[in-house]
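This is the structure, below, for whatever I ask next.
Chain lettering (A, B and C) follows the sequence in which the chains are written, and residue indices restart at 1 in each chain.
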Amino acid sequence: MSEIRTFPDFLKRSSIVLGVSVLFIIIIFGALIYTIPAVSNFKDVLLELIGINSLFFKIAVFPGYTWAALIATEIIWFERKFIAKMQLRVGPLYAGMVGGILQPIADVIKLVFKEMISPSKSDKLIFYSVPLLSSAIGASLLAVLPVSDGWLIMRSDVSMLIVFAVIGFVPISVLLAGWASNSKFPFIGALRGLHQMIAFEISMLIAALSVVILSGSLDLVNIVQAQSRIWFIVLMPIGAIVFFITLLAELERIPFDLPHAESEIVMGHQTEYSSMAFGSIQLGTYIRFYALSGIFTTLFLGGWYGPQFLPAGFEIINQIEWFTLKTLLVMVFIIILRGVNPRFRLDLLLKFGWSRLLILAFLNLFIAIFILQMGWFPFTGGI
Amino acid sequence: MSELTVTVGPQHPGSGHFALIVKLDGDKIVEVIPDPGYVHRGDEKVSENKNYIQNIPHFERPAILDASNMLFPYVHAVEDLMKLEVPVRGQYIRVIMAELNRIISHLYYFAIYGIFVGHSTMFMWPVADREHFIDLAQMISGQRVGFAFLLPGGVRNDIPEAVKERANEACNYFEKRLIEYERIFMNNPIFEKRAKGMGILSKEDAIKLGVVGPTLRASGIKSDIRKDEPYAVYDKLDFEIPVSKDGDSWARAWIHIEEMRQSMSIIKQALKDIPSGPVKLNLRGQVRPPPGETFTRAESSRGAVSFYLISNGGMTPYRLRMITPSFRNLRAISHITKGLLLADLPPAFWSLDYWPVEADR
Amino acid sequence: MSETPKIKHEPPKREKKIADNITVKLRKDILEIEIKPKRIKVKVKPESIKKAANFFKNKLNIDHVASVSGIDYPNDNEIEIVYHTGTYKHKDLSDLVIALAFRISRETPKTPSLTEIWPSTEFDERETYEMLGVIFEGHPKLEKLFLPEDWDDIPPLRKDFKNPRR
């Protein structure tokens, strides 16, 4: 295997492998479902229970947990490779056929075999509940994410509220992790995380509120359907920028990774976690990354809308494709930001979040109300 | 919150091999007491048991990153007492090695600065670009890090022919890279917010505390031993001394970038003007200065380094004192960190270019 | 009274002028002055070190001290302390280093500290204290700097200190 030296080379190889593997999975799964030799009754019952249209399939496989976990894992790989290329390095290289693509899986296997340690005076119940909480938050966000028109796990009239309620849980998990570790550095990291998230959540809410006003409904599917002609990022660019920045803060990504600033407080609130507890927290973080980027796509980038490039009859897959493509683009942009920026300091961060960002969010709200009153934007339903 | 004493100790991802005892009030620093001495190896006492040639690798170890600059005053001290006249080609080669060392050391400064501010790309780029200059140094002296290249009376060996072309290649490549460094790091709005106006050292304080090097030049005092008291062939070369009036951390980092530009210009000039001839005097291994004493100084990457040599005519020095720039900048750490937040402590003291091994000797 | 040592060339003009200035002002306190190009060494009596330092700071505009060195002379039973000073303010004197030296007794080495006059000598004097056992009176914090707190041997830079491992 020759070493990958240039970026176009790497793109070529990775796209070939990814395309082939996805195709392979689809073919095998389809074949399995339709060729189980049995009484047709049994086949029908089975199909109903775990077939492609059942709830189990949606939750567990696609677009549910397995799909999100796969994306999370490969985003970890992609991030490491991409940042490495930006930094004149090579990144993962040996695990797997193409450029270390199986590296995150190797990391997971390594983590499974490590010893799970916790500090002696820590509160074990809370300490070990945080990884579960983290994964649960990620999974709940996935439940309302509209991957396509009709193909989603749960459709509800108030899915926007659900999203924000779940996001509001994240600072609690940070605080629990820091407190239950019973040690100085995680505690400092947890407090910093709380400060940061509380400062940015309000601006996030207000930016999302302007989208709700324009589209006239709290249902995420309706919000996407309201963007069938024009995306909201064109109507409210300020709101998109505000939401994007608060997204970075909620995910604790550079430049807002103050809660786990390595050079000062080792790893912040996740310092004392090891083995699969740590693995679960990381998985939960990256699933949250995917879910929140998906929400950004839903709110501002037009959800699943895109030109139909597959033949008719495959509309759903077309929509899924476009949604996934847009979400992945958002994630790549966030990764680029990581490579270029240093870290914010706490007082600058709070000043920024409470003054400038809030003002911009309110400005955006007024713009949205203005557009609505002027009747420039048609909407479905009313507020 | 009442006062909290934290030891940003030797075992900390945000400190070097020394400890800082920090008194905090919440997140604000009230006082910083530096606690050096963790890497003290008694260099001055040990040097009294080694003869003058054995002392050469010994005295480049404290600041291994810019080894050649540290050796300059030592060989000058020995040559001063022995009244030796170094051949001109040897002096040019010394200057080339010294400027290469300066670039290598400054790039390491930026790498660690990047880490302390949380900018991992700024850690990777300088470390990768250093390789070009370390390769050059290896071509000249055979070693990547601890060269032991300067001798009393000249340098150890001549430079190969390919060095000139390779050096021009490296300098051209790096001049383009410096522009990218400025874009991604120096002009990055987040870094500017963190570093401008942080850790200010005023002009009077800089003189009073006796700081040296880029720290001194960032506070508005134009003092560089290569210009004040030219040694080797620096008086024949054309270069400038960057000075800034702000005195904050951003100004100190800026001076490092400008100095790297000047170093590259010096290397190119030296390689063009270098005359032919011998590179060292043939002392037949007899390096034994007559009784006397002398005080010599040179400009290393971190500041002015000085040697005070007292010889009594024996094979080993009677007293050899080495005054390193980091030791002289030590007092500035407690001064500039008053009132900062704890998160700014590692970037602040690192911007002074404090190297603990050099300070402890 | 000043004695220029026997040197072959005429002493450089600028250094000679400064040396004469010092001799005239600090007549009785000076023991000896050595002049070399860009280096002047002034040996004073140990009692008058503070007066000489004040004179250096106020009249000669010496604004910083490069180092404080201690040298052990067990044969003379004395310790010599040298302050190397310089000035930043005057550009034409920036290559000049004036050394202020004096000798004190080896049994009871005591000398006033110069940290009020030149604050940059604080750490240097601490180092000389722990390495040679010289006590600087009036120093704000005379403690060990580099050596460990439980050092129980004689100060290491003295000539009779033998490395126990050798």
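Simple rule for what comes next: a residue touches a chain if its C-beta (ideal position, glycine included) is under 8 Å from a C-beta of that chain, and two chains touch if they have at least 3 such contacts.
Bear in mind that the values here come from a model prediction, so they are computed numbers and not experimental data.
Novice: With centres defined from CA atoms, tell me which chain sits nearest the overall protein centre.
Specialist: Central chain: B.
Novice: Please flag the chain sitting at the greatest distance from chain A, going by CA centroids.
Specialist: Centroid comparison gives C as the farthest chain from chain A.
Novice: Approximately how many whole Å separate the CA-defined centres of chain B and chain C?
Specialist: Taking the mean C-alpha position of each chain, the two centres sit 26 Å apart.
Novice: Averaging over Cα atoms per chain, report the distance between chain A and chain B in Å.
Specialist: Computed from C-alpha means, the inter-chain centre distance equals 46 Å.
Novice: So the centre of each chain is just the mean of its C-alpha atoms; given that, what is the distance between chain A and chain C in Å?
Specialist: Chain centres of chain A and chain C, defined by C-alpha means, are spaced 67 Å apart.
Novice: Which positions of chain C touch chain B when the two form their complex?
Specialist: Listed in rising order, the residues are 38-39, 63-67, 69, 71-72, 82, 84, 88-89, 94-95, 97, 99, 118-120, 122-124, 131, 144-148, 156-157, 161, 163.
Novice: Help me check something: in the complex, which residues belonging to chain A touch chain B?
Specialist: Residues 83, 86-89, 254-255, 257-258, 261-264, 266, 339-348.
Novice: Would you pull the chain B residues touching chain C in the complex into a rising list?
Specialist: Per the touch definition, chain B meets chain C at residues 36-37, 40, 42, 44-45, 207-210, 216, 221, 223, 228-229, 294-295, 297, 304, 306, 308, 310, 318-319, 321, 323, 327-328, 330-331, 360.
Novice: Give the list of chain B residues in touch with chain A in this complex.
Specialist: 13-14, 27, 114-122, 124-125, 128, 184-185, 188, 190-191, 193-194, 341-344, 346
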